[in-house]
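Two complexes follow with chain A in common, the first pairing it with chain B and the second with chain C.
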Partner chain A sequence: MKRIKVLKNIASANDAIAAQNRGLLDRYNILAINLMSSPGAGKTSLLLGTIAHLRHQLRLAVIEGDIASKIDADRISKEGIPVVQINTGGSCSLEAHMITNALEKLPLKTIDLLFIENVGNLICPAGFSLGEHRKVVVSSIAEGDDKPAKYPIMFSLADAVVINKIDLLPLQEFDLAGFHKKVTGLNPRVTIFEVSCKSGHGIEAWCSWLLQQLQNHRKT
Partner chain B sequence: MHELAITQNILDIAINEAKAAQASQITKIRLIIGELSGVVGECIQFYFDFLKKDSIAQNASIDFETVPAELHCRDCQTSFKLEDSSWACPCCRSTNLEITNGQSCFIESIEVE
Partner chain C sequence: MKRIKVLKNIASANDAIAAQNRGLLDRYNILAINLMSSPGAGKTSLLLGTIAHLRHQLRLAVIEGDIASKIDADRISKEGIPVVQINTGGSCSLEAHMITNALEKLPLKTIDLLFIENVGNLICPAGFSLGEHRKVVVSSIAEGDDKPAKYPIMFSLADAVVINKIDLLPLQEFDLAGFHKKVTGLNPRVTIFEVSCKSGHGIEAWCSWLLQQLQNHRKT
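Now for the complex of A and B:
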């Protein structure tokens, strides 16, 4: 009997593929954003609001991850934006190899900003890097203010957190200041946006951040 | 459900390591599961018994060690284990906390013959 030290993260194979994806995106000068949230927090709504705001300045594209349906991809496709649907077939997170396949179906030469809508889940996607340049967590007022304490890993990894459905604040008990404090406590570098995809509140600030990220990315 | 994909990864990593060491079979895999990693040991066990058939790991058992979440308070510098879900420093109640342990899941070692 022989004991072999391994000390390898269980996602190490995924991480290697993610690095290849990132290399490919960098060759085409594309900034990729991994959007993560619980089901129904508003990822697709945020994408639609963002598309309306940025479509005349930037060339956008979307990869839609879903367990089974293609409803979200149809919503995006109606806007005339290139979109690829990935059905994970029951898996609760997108994985890097799925993105590799999706990238083959996109017109990479004519994309500035690529959004990846991950499967609605706040645990599993934290473990699977896709090759993205920024991670964004969407959390909504409707879900309550305990999400950062329940899913600390996700919030600690995020470059930005979008608090969506801010229009519901008068109807819901939600400690907004406490939420900010918990998120920045876990993650001092994070940028937080208060947004309502319904009213359009905060979409402009969020889009300015995206433009800034793209600029920073192209400088490096 | 991602435990199926994760278990396949665990098996792939272990088999590659064993082959690199020219071993003919794997007898044990030691897995360290961070409390915050979201990985469920029982699910891994279930899929492992299914996936290992007809591989050099078919007689292998899998050992789990769960590592509790550890946090560090950036305000008063206390390090502590997460005892409840209150998510605050036990000394000063601050929520300015860095996660220092318990976030990942990795294979510590394997035993081969």
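Now for the complex of A and C:
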């Protein structure tokens, strides 16, 4: 019982900090996207494809979360995009207070769209709001089509699901129609994209959605 | 500070139960393997390949861990192997007390080798001993070669690492030699297998290692 109480306290303290982060982002008119997935589903590759597509229309920035290493931040940094790396140590999700610290290091006045790449994990990040405006789950064809059934909370919270590595479809037993059905069953309001970061397939539709979200956000 | 203290208490309570589980397994001469990976790396496929290879030599059993669903237990059950499904709800790892309950449901007298398939997660399961004798990490070629750098704790604890989906190697930028070097740098005593559950490549070497581990275990 003590354990449950402490975990609940952690969650509500996190939510309060997340609300402050959202307030700060709103003051600067920034739309923040929390990008979540299993390890290796292709969050960073999706970011690189998105940067290539949107960099001349929007001012982008990235917060990178990982247990250890700065591999992903280095990949983004090469593109000349502002990036802050957070290493969580052992923690299995980014938490709102880590984002507060990262926001202090970013040039908020010159950002339209901020991506927060969460720790590779389909479980813990579902429990921590960061102050983001949209949650996006990346799921790779290589992981198999049963992920929505096994990790329903993550998929039910997503505003969008990006099915990545669609180029592997001919090589993999993957019921694409069944996957769509399962995800929309859990989450009827979700938008689903089929993408190959390798070939560029689907990147345009995904980027149009991002532009639309930014437009909607600035109207509100 | 309160949070750290509670988490430490949880860990030490877990370790005490894990030791009881190990004592029970030892009384029945069972070798238990804790199988861990990202979602979709192929733990269940590896189990199915292992069952096909070893079922006539050894008496096998499986404990299946998942957040939700009994998809994996159903796949194992079709093979006529004793299997218990644990659904953790929101919990991002199996914990020792869950194994205690599952062991009560298994025919311990007639088991040589028990596989515990953990929740798909490269972070949390590293923090919870279950009473197993060996820890095995499955890492798929599709996830990319940077996983040991990003999830060093998991790889440093493993007795063996199975690189699965080796058939995808020609399609993927994956530095195989670099992966081996990184893993053995973190963990010099580890044994690494290259496997394709799809083609069967490497299953024999992996099963020989399992047989050797059982032999060593019964000598001690």
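We adopt the following convention: the second predicted complex is superposed on the first by the 210 of 220 C-alpha atoms of A that agree within 3 Å, B and C clash if a C-alpha of one lies under 4 Å from a C-alpha of the other, contacts with A are read in each partner's own complex, and residues count from 1 in each chain.
Just so it is clear, a contact is a pair of C-beta atoms (placed from the backbone, for glycine too) under 8 Å apart; a residue touches a chain by one contact, two chains touch by 3 or more.
All of these numbers come straight from a predicted model, not from anything done at the bench.
A.B. asks: Could you tell me if A:142 is touching chain B, chain C, both of them or neither one (first, second, both, neither)?
C.D. replies: Once the two structures are laid over each other on A, A:142 reaches chain C alone.
A.B. asks: Once the structures are superposed on A, label A:176 by its partner contacts, choosing first (chain B), second (chain C), both or neither.
C.D. replies: Neither partner.
A.B. asks: A:40 contacts which: chain B (first), chain C (second), both, neither?
C.D. replies: The answer is second: A:40 touches chain C but not chain B.
A.B. asks: Just chain B (first), just chain C (second), both, or neither: which does A:120 touch?
C.D. replies: In the superposed model, A:120 contacts chain C only, not chain B.
A.B. asks: Tell me the contact category for A:152 with respect to chain B and chain C: first, second, both or neither.
C.D. replies: So A:152 meets both chain B and chain C here.
A.B. asks: Taking the superposition as given, does A:52 touch the first partner, chain B, the second, chain C, both, or neither?
C.D. replies: So A:52 meets neither chain B nor chain C here.
A.B. asks: Where does A:205 make contact in the superposed view: on chain B (first), on chain C (second), on both, or on neither?
C.D. replies: It touches nothing on chain B or chain C.
A.B. asks: Give one of first, second, both or neither to describe whether A:95 is in contact with chain B, with chain C, with both, or with none.
C.D. replies: A:95 sits against chain B, while chain C stays out of touch.
A.B. asks: Given the touch rule stated above, what does A:19 touch, chain B (first), chain C (second), both, or neither?
C.D. replies: Touch partners of A:19: none, neither chain B nor chain C.
A.B. asks: Need the overlap of the two footprints on chain A, from chain B and from chain C, as residue ranges.
C.D. replies: 2-3, 6, 10, 90, 92, 123-124, 127, 149-150, 152-153
A.B. asks: Please name which positions on chain A make contact with chain B in the complex.
C.D. replies: 1-14, 90-93, 95, 123-124, 126-128, 148-150, 152-153, 156, 181-182, 184-186, 188
A.B. asks: Using the touch definition from the top, list the residues of chain B that touch chain A in their complex.
C.D. replies: The touching residues are 1-2, 4-6, 9-10, 12-14, 17-18, 21, 23, 27, 31, 36-39, 69, 74, 85-87, 94-99, 103-113.
A.B. asks: Taking the complex as given, what residues does chain C use to touch chain A?
C.D. replies: Residues 2-3, 6, 10, 38-41, 66-69, 71, 90, 92, 119-124, 127, 140, 142-144, 146-147, 149-153, 165, 168, 171.
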